[in-house]
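Notes follow once the structure below has been shown.
The chains carry the letters A, B, C and D, assigned in the order they are written, with residues numbered from 1 in each.
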Amino acid sequence: MNLLRTSLIAACAIAAPLAMAQNTGKLKVGLMLPYTGTYASLGTAIENGFRLYVTEQGGKIGGREIEYVKVDDESDPSKATDNVNKLVKRDHVDVLVGSVHSGVAMAMAKVAKDSNTLLIVPNAGADAVTGSMCAPNIFRSSFTNWQPAFAMGEVAAKKGAKRAVTITHKYAAGDESVHGFREGFEKGGGQVIKDLSVPFPSVEFQALLTEIAALKPDVVYTFFAGGAAVKFVKDYAAAGLKKSIPLYGAGFLTDGTLDAQGADAADLLTTLHYADSLNTPRDNAFRLAYAKTYKLQPDVYAVQGYDAAQILSIGTNAVKGDLNKKAEFALAVERAKIDSPRGPFMLSRSHNPVQDIYLRQVVGKENKMLSVASKALADPARGCKM
Amino acid sequence: MMTAPEVLLRADGLSRRWGGLLAVDRVSLDLQRGTVHAVIGTNGAGKSTLINMLSGELTPTGGRVELLGQDVTQWSQPRRARAGLGRSYQRNTIYPSFTVFENCRLAAQARTPRPWAWWQDARQCPISMAAAYASVERAGLTDLRELAAGLLSHGQKRQLEIAMCLATEPDVLLLDEPLAGMGAEETERMLLLLAELKTSHATLLVEHDMDAVFRIADCITVMVNGTVIASGTPDFVRNSPEVRVAYLGEH
Amino acid sequence: MKRTDILFIVLAFAALALYPLVAEPYGIDRVTKIMVFGIFALSLELLVGSTGLVCFGQAAFLGIGAYAAVLLSPQDGPASLLWLLPASMLAAGAYALFMGALSLRTRGVYFIMVTLAFSQMAFYVVHDTPLGGGTDGIYLTNKPMLGTLLDLDRSVPMYAFTFGCLLLVFVFLALVLRSRFGRALAGIRVNEQRMRATGFPTYPYKLAAFMISGAIAGLAGFLFAVKDGFVNPELMSWHLSGEVLIMIILGGLGHLRGALLGAFAFAMLQEFFKSEAIFGDFAKHWHLGLGLSIILSVALLPRGLVDVPQQILLRLLGPRPKPPGTATQKSPP
Amino acid sequence: MDVATFLIQCLNALQYGLLLFLVASGLTLIFGIMGVINLAHGSFYMIGAYMAYALAPIVTSTFGGGFFATLLLGLVLAVLLGYLLEWAFFSFLYEREHLQQVLMTYGLILVFEECRSLLLGDTVHGVAPPDMLAGTIALGQMMTYPVYRLFISGVCLLLALGMYLVLTRTRIGMMIRAGSTNREMVQSLGIDIKFLYRIVFAAGVAIAVFAGMIAAPVSSVYPGMGNSVLIICFVVVVIGGIGSVRGALLAALLIGVVDTFGKVLLPQASGVLVYVLMALILLWKPDGLFKAG
C-alpha cells in the first residue's frame, strides 16, 4: 500500500504542471441547485440567469470557456455534503454555485471553506453564510434574510404602525427574517407584540389568522415562499383580514407566485432587492434578453443567478483566468461595482451585496417598484471575522 | 383412585367473562401425574377459553390456577411454561420455515435461554440439542429431522406440535385437539404416543374424537355453555343422564 | 448459509477493503458514505428482517447518534474517539430503549406508526428548538481523535475506520443471529404466540433487539457526523426512515447481505440515473428512472436483490425441482 | 381568548378536521381494507389537485366549462387510473410479503412526481373556486369565512356518510369488509376477490383524486404537495382504527382540534403535538379508537 501511495504521490507531482495548464483550459462551474421537489423552478431560474450572462460574454469568462457540471441537491441538507463533494472531488470544479435551501448552503459553505473552493451562493439567505461562516472564497449574489426584513421594519414604522404581529414557518430562514423585521420596526418606534409560527411544512393557517384577528395589530409581517406563500395570501384575503390589517412581507411572498395568487395578492406591499418595473436601461436589456432566450419572464432568482455569473466574471477577469489566485479574485470582487439588473451594488467585506431594497406593490401580475425602502443596505454580518 | 395423588395443575373456580357473555363459569379441575384428563363439549362450550386460561394466554376474571402447588394465576404464559406447563395448539403453530429439528431445538432452548451469550452458536448449545434430539425421536420424526416443517403432512405437523411441547420437558401437557384432521393410522400412532407420555406427565386433553377420548382418558369433564355438567371416570360420564341429554344425545 | 453466499460476502468485503487502492478521492468519500448507510441498513435489518418488527423511525437513532457526536464534542479541541463513539451509541440506544419500551405494546401497522411518531418527536425537538442549531444544522468543528493514530479528517483513514465498523457490525450481527438470542428473535418473527407458549418472555427479547438496533444506527449516525462534519434535522426525517426501509426491502429481507446489497444498489441507482454523462439534460428527471427500476425490481425479484443469482440460474437452466431440505432457512445472514 | 374567538377557533378545528378526513378517506379503503401500505396515496391526492388545475381549461373549451364538469371528468379518469394501476402493479403482489407493496408504492411516488414535473412543470398554481361558491360570510367584526370552505366541510360529511353506508349497508360493502378479514371465505362464496380488490383500489384512488380536486382551490397546487399530506393521512387512519370510517372521521376531528388549539396555545410544540396525540392514543388503545369490524 505504501508503495502504491508513493507512486500515486509521484504521479500527482508529475501531473501538477498539467493542472496548472488547466487554468487556460475550460472553466468548470459546478451548479448545485434543486432540480426536483418544491424548489425545482427556482433552481431552473437561477441556472437560466447564470447561463444568460455567460452566453452574453460569448460563452467565455476570463478567457476560458465555461463547462457546466450539474448536481440536483434535492433541497436535502443531509445529502448536501455528498453532493458538493461530488463536484469538488470528482469533477474538480473551479467554482461552486448554489444553492436555494439554507441548510444545503450551510453544508456547501463548510466544504468550500475546507477545500478552499470558490463558492457563490445565488439565493440561500442564511445569515451565517456571510456571517459566522464568512470566508475569502465565499460570495453571495442574493441577500441575507435580514436585509429585506429590516427594510420592511423601517417602512412599517414610518407608515405609523405601532403594533405588529409576525408570522412565518418555524425554521431558521423565517426566524432570521422576523428578527430583521423586529430590528427595523423597533428602531422606528414600533413594537412586535407577537411572533406566530406554523410548523414546517404545514400550510394550515386558519387558527393563526383567527389569532391575528383577535390581536388586532396595526400590521402583519410575514415570510413565506412558494406554495405556502400562495396559500397564505389567499387565506389571508379569504379571512377578510386584508381589508383591515395591512399585510407586509419579504418579497418572496409575491415572487413567482402572482399567477397562482390572483386578485388576492393585489396591492400587497413587499420589500426585496428586485422589482418588476425598475425601468432602468440595464434591467430592460436583461429582461428582454431573458425573455427572448427562455420564452419566460425573469424573476428575482434569475437575476441572482445572472449576478452570480457576473461576480465570477469580475474575479476571473482580474486574475486572468487563474482561479488559484483566491486573494486577488476576492480583492477584485470586493472593489467592483456589479452592474446588476437590480441596480448596481457592491459586496460588503463579508461578501454579501450592499444593495438597495425596494418597496414594491403588487399591481396586476407585477411587483411594481414604489420607492427605495432602504438605500445601500448592508447586512450587519454578525459573527464574521474577516 | 390411589391415596394422595400428585396433583400437578389445579383449577379452582375459573371464570371468564367477555362483556355480558360468561364463556367459562366457575370450572374446577385437577390434573394428576400419570393420568389423562379429557375435557369434552360442543363447539363454544368454553374449552379453548379454559385451556387458554390454564396456559396463561388469558387472564381469568375469577378463580385461581395452581401449578405444582404454587398459585400461578397472575403469572404470564412464558413464566408458566418455564415452570413446567407445555401446550399444543388446535391449529398448527409451528415455525414452518425452520427445520423439524430446529422447531424442537428452539422450543428446548426456552429452558436454557442464555440470550446474553451472543457469540455462541445456538447449535452448540448441548442442553437444547440433546432435548431436541430426544423429543424428535420420541415423536417419531427422526427421519424427517432436516426437512422444513412447513413441508410436513398434516399428521406429521401434529406430531411435531407434541414434539415441540415435549422438548421443553414439561410436567403438565395441555393438548388442544391433537387428533384434529388426522387419518385413522395417524390417530392410532398419536394415541400410542399419548399413552406413552401419560405415565410421566399430567395431561389435559381437549378432543372431539369421542372414541379416542373414552379409550385413553382416565377422567372426563363435560362442559356445556361454559359450565361443567359432569366430571368423573369414563364410565360415570357415559352413564350420566345429563351428559346423554346435553351432549351425547345431540351427537 | 450456503457456501456460495459466504464466498460472496468474503469477496464483497475484500473488494471494499481493496477499493481505496484504486479509487479516486471522491470514490473513497462516496463509498465511505454508502458504508455508513450499510451500517444503518444493517441496524434496521436486525429489526425488520430478523425480528419482524417494522420500524419506521430508524432515522431518529441515526440522528441522535449524529447529534450526540456533535453536541458532546468539546468546543476547544478534539474529543477522544474512545468515549465519544460509545457515548453516541449509548444515546441512540437509550432513545431506542425508551421508544421500544412503549411502542412494543402495539403490533403490526400500529407499531409502524408509533415508531414513526416517536421519531417525529425527536425530529421536531432538533428542528424547532435551538438545541442543535435549528433547521440550518450544526457543524462538528473538531473531529474526534484516537491519539495520533487515526486522523478522521482525511479520507482514507475515515474510509478504513468506517470499513472496520461495518465489518465489525456485520460479524457481530451474523454471530448474534446464529446465537440462542438470534434464534429466539427468528422464532418471534415467525410465530410469537408459540414462542410465548414455549416459555420465552418475548417482550424483553424484542426490546433488547430494539436497543441493539438503535445503538448500531447511532454508530452510523456518529460516522455520518464525523465524515460530513455537518448535521441537520433532515437526518431524523421520516424520508430517511423510509429510504433505509426501501434499501433493505430492495436488497432482500431476512439476509444481512441483503441490507448491504440494498444500500449499495440504492446509491448506485441514484448515481446512475443522475449521471449527466449518460442521460444528458434528462438527468434532472432522475426520479423517473429510479422509480421505474424499483418497480421493475418488485415485479421481477420477489425476494430482493439477494435472489438475483438464483433468478439468473432459473432463467438459464429452467425451473428445477427442489431437492428436499433446500427450503430450509437455517441461519439468516 | 374571548368567547367569540374561541368559537371561531372551534369552527377552524372542525373545518380542518373535515379537510383532513377528506384527504385521508381514500386511504381508509386501500390501506384500511385492503391492507396495502400505500405510500403513493399522497401522489393520488397531488394528481387530483393538478387535474383540477390542468383539466379546467380543457373542460371550459370543449364543454363550456364548469367546476363540476371538471370534477366529474377527473373522477372518471381517476377510476380508470386506479383500475389500471391495480391491474398492472398490484394484482400480483397480494400473495407476497407486505413490504413488497411498500417498495412498489415508493417507486410509484417517484414516477408520478416526475411525470408531473415533465408534463406540467414545477411552478405553483392557484385554482379558482366555482363562482357560486366564491363568496364569503361575515364572522365577528373583523373576519370573514369563505363559502367554499363550508362547501368542503359539507362534501366531507357527505363523503363520510356515503362511505359508511356503502361499507355497512350494501352487499358490495359487506363483501369488501368480509374480504378484508378473510380472503378464502369470500372466495369460497364464489365472489371474484380479484375483481373486488380492483374495485376497492379504483375507488380508493378515485376518492384521493377527488379530495385533491376539491381541496385544490384552498390548498393551491404545487410540487411536493403529495408528500406533505402523506404522513398525516396515515396518522388519521391509524388513530381511527384501520378500516373504520367513523374512526377516521373522529381521528381527523381530534387532530383538527389538537392542531388548531396547539398552534395558538402551545406554539413551541405545535409541530409535534399530532404525533404525541397518536402515540398516546395507541398506547392507550393499541388498535386505534375503533377496531374495524
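Going forward, a residue touches a chain if its C-beta (ideal position, glycine included) is under 8 Å from a C-beta of that chain, and two chains touch if they have at least 3 such contacts.
As the structure is a prediction and not an experimental result, all values here were calculated from the model.
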Greatest centre-to-centre gap (Cα means) from chain C is with chain B
I want to compare two interfaces, A-C and B-C. Which one has more contacting C-beta pairs? B-C
Counting in whole Å, what is the centre-to-centre distance of chain A and chain D, each centre being its mean C-alpha position? 36
Chain B to chain C: how many Å between their CA centres? 42
Take the average of all CA coordinates in chain C, do the same for chain D, and state the distance between these two points in whole angstrom. 32
Among all residues of chain C, which ones touch two or more of the remaining chains? 124, 127-128, 285, 287
For chain D, give me the residues that contact two or more of the other chains. 113-114, 117, 271-272
Touching two or more other chains - residues of chain B: none
Chain-to-chain touches, reported pairwise for every pair that qualifies: A-C, A-D, B-C, C-D
Which bits of chain C are touching chain D when the two form their complex? 48, 54, 102-103, 105-107, 109-110, 112-114, 116-118, 120-121, 124-125, 127-129, 238, 242, 245-246, 249-250, 253, 285, 287-288, 290-295, 297-299, 302
Complex contact set, residues of chain A against chain D: 36-38, 40-41, 44, 170, 196-204, 206-211, 213-214, 216, 226-227, 229-231, 234, 238-241, 244, 256-257, 259-262
Along chain D, where are the residues that touch chain C in the complex? 31, 37, 39, 89, 92-93, 96-97, 99-100, 102-104, 106-111, 113-115, 117-118, 231, 234-235, 238, 242, 268-269, 271-272, 275-276, 278-279, 282-283, 286-288
Touching residues on chain A, where the partner in the complex is chain C: 1, 4, 35-36, 69-72, 76-78, 80-82, 85-86, 89-90, 102-103, 106-107, 110, 114, 126, 128, 170-173, 175, 199-200
Of all residues in chain C, which touch chain B in the complex? 172, 175-176, 178-184, 186-187, 190-191, 193-194, 196-202, 205, 208, 324-325, 327-330
